[in-house]
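Listed next: structures, encoded as structure tokens.
Two complexes, one shared chain (chain A), two partners (chain B, chain C).
Showing the complex of A and B:
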């Protein structure tokens, strides 16, 4: 909740979100999205993908700082699982940000697009977006734990983030990608995390909803396994300089 | 078992990479095929601490103090030997042992930086599964003793060091631990805050029979809180005895402070050295190997005129320094 307390930060984040939506809505008006229906859908698509990306806190920075400073060792003295403490703290921040940004985005997108999707579609879309955000947290936890081996996990995070933007279809749905790139993206987690939920609002069908949900559960389980495995390895190999 | 802590033949060594000395080729070789050496941080130490005992665990920098604490609290697994905290292995039963131990690390914080102290305490109450009613009673009691009320609603990051350390101590005592590990709890504090912290630790130990395991470079912490000292150097225990016995065993001199209204014309004496003079006060050190205090006083009385004389032990700090240097 500590990020929510920082009102200025939330204000800047929200302003950036709204600015992105506005700029891209104007951009699509001037480009190949001459079909009004497509432009409307694209605004909603972008609202979903950007919402996920902007809501996820940088848990990897917290974990990396704990590892580099040695604080992680002292956290182990409490009768709790350090990993779950960090993830829970992050989920708290994420849910707060996600809710605020979602409540801001929906009316703004309705204003920009001139329409609003049916409530069940909105619900299904933002539900999967929320789950996608949680999966993002798990993957970023793993990246943070890499600091135990690498000392600095920032470059890994940069690569991860850029790949998620590109292969997740942050700005443009994967449908517009060349075939080879689209196929590559489908094998990576990013398509499930960003494109999947965004695609629901473009053209919703119940089959696709379950496919997206299944993808999120698969990648979520994988990320959870990876994070746990790395955490156990870290505990076993823990070294802190004495004195 | 009456022992809170049992340590037997404890060893811990670390594999550290050898620093590549020499030119670029040597450094490249070290990078591709790093060589390691073993560093004995804790080398075959044994001791036992009874319930309610207050022990100072001291030594020069790099002696192995922090490594020992981490072995006792279950952070590290020993390479050899064993550790038992209330008959449990702290590494294997870390979670169970965590409920019995409290920790204060002077240079680290266990509180949530952005949260008010009160919220941190509530969070800890949940983490330690403390019954709500008991938690409230205990917290109110500790707040009153430590006088936290004026700043308990402020975020930790806004507190001064002294205020933060008092909060850290309260946080470590909330779950009523049976043993309290304190690593430099008074570091950086002013004299009043130090006294408050020492008083609280001592009081808690007396009232609740909490075992205290303290590491500190401030000898006053040891003198005012502990009754036993374990001194470690280069991973080995050098001294393990009560404070009184250490003073008696290692005392090589006494300090005599004399007040004289006349200017003292000091003459050399092989057993007595003048260490300090200021205004009408003169401080001497008596070598106990050559002269006892009674003889020293007789010598002063026969040769000098003074209005007051005080005999005292040198500060414990001097004794510890002497042990380190030897």
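Showing the complex of A and C:
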């Protein structure tokens, strides 16, 4: 299977994932919360946000390599849209990583927190987390396509990644942020991509679930439009300038 | 003395080669600084909501980040070659260095410099200035602990790299365990207890990079300084012994190449 070759990398990611969960479980244990339930749910929150971040493959690096090496020209000859070829390949890797890391995270978090959320909540949370991962892939595809203009899209990716950590509430939910930072975060996609699914496990209600789903659909459509628009521009430029 | 001169010459060439790509150098340094600041923001938000972590305040964390980033920055810029040791061993790249009549370990350490390390050094200065720990009394200790932490990081990196002498392709494993060293060093002592604390003071010595120096500065303890110095020297000696013990198992890659 295609993903078999990434076994080593998955092992590395899994061990890092477990180490981070362990450290933060200790940090939250050492923190004075008003009630113990918060302490337990914080570790579950982190497991969801980290799961999304660690499962998304670096599709932008793949696309950038194709563009820089000129391989994109040969790949365009294939009887399949290059953009969808890359995205579908990446989704395959993502689903594999996501499933493995999720299966590791659930028992480990149950052990660390001494509790396990009800099954429907877990299902709803991981469903939205999976969709959030797919939206991440679409955004990162757009970043990869930028290499066609910039040659090196790495700096743009770094900005994107750091912003997602900060405005997405990767380590701590946005509820703890100062008001102005929280408001800024709500206007950006990152809150829907990380905080949205993570919050479901903190305090679930069906209304919030649909709000998160709506947010993901909105940003997913936006990212898809952006990726497609960038791709069309890339094709036009290729036709004018040659490969 | 001639070994030191040789190491400095290696470092100079490595730094010149990274700085020569000016745009990439500036970008990498800037993004490393940005990355460190983003992660520090977590603590800023944390302490905005909670008072302390068993006696550790935001200023202590800022000092911790200052020492860890400073040590890692100095390591990456001046001694970063050891991070590639496992790959060099596995791919037979030591051939070109081993024939030179100079200290092999120093040649390896000085052979690579990383641009992003400068970003870490700048971050360290920012964090230490913010922490309020920079006083006339503390300054020599801060410099000393950045250097000892840098030596511990370099020694750990050599030990991890040397695994390749015994188990072959260990680059991913070495890299991951090395990541653990840094990850565990970025958190306060008060969250670790029991066996894990012993683990962080022995097998993965993150404690000597992060929380032990901070506790020593906070308590102004002379025995703490001696403890850190003693550990650093013994650890560096062990790393060197492990490397040279492993080197006996090294087999040439028969790889044709050229290196200045």
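By definition in this document, the second predicted complex is superposed on the first by the 230 of 243 C-alpha atoms of A that agree within 3 Å, B and C clash if a C-alpha of one lies under 4 Å from a C-alpha of the other, contacts with A are read in each partner's own complex, and residues count from 1 in each chain.
In this section, a contact is a pair of C-beta atoms (placed from the backbone, for glycine too) under 8 Å apart; a residue touches a chain by one contact, two chains touch by 3 or more.
Source: prediction; values computed, not measured.
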{"item": "First, second, both or neither for A:238, with chain B first and chain C second", "value": "first"}
{"item": "Chain B versus chain C as contact partner of A:15, first or second or both or neither", "value": "second"}
{"item": "Which of chain B and chain C A:106 touches, first, second, both or neither", "value": "neither"}
{"item": "Which superposed partner A:211 touches (first chain B, second chain C, both, neither)", "value": "neither"}
{"item": "Partner chain(s) touched by A:31 [first = chain B, second = chain C, both, neither]", "value": "second"}
{"item": "Larger contact residue set on chain A - chain B or chain C", "value": "C"}
{"item": "Set intersection of chain A contacts, chain C complex versus chain B complex", "value": "none"}
{"item": "Interface residues, chain B side, partner chain A - complex", "value": "14, 41, 61-67, 70, 73-76, 94-96, 98-99, 101, 103, 105, 108, 110, 112, 114-115, 124, 127-129"}
{"item": "Chain C residues within the chain A interface of the complex", "value": "27, 31, 34-35, 38-39, 41-42, 45-46, 48-51, 53-54, 172, 175-176, 179-180, 183-184, 187, 190-193, 196"}
{"item": "Chain A - residues contacting chain B, complex", "value": "2, 5, 71, 73-80, 238-240, 242-243"}
{"item": "Chain C-touching residues of chain A, taken from the complex the two chains share", "value": "8-9, 11-12, 15-16, 19-20, 23, 26-27, 29-32, 155, 158-159, 162, 165-166, 171-172, 176-178, 181"}
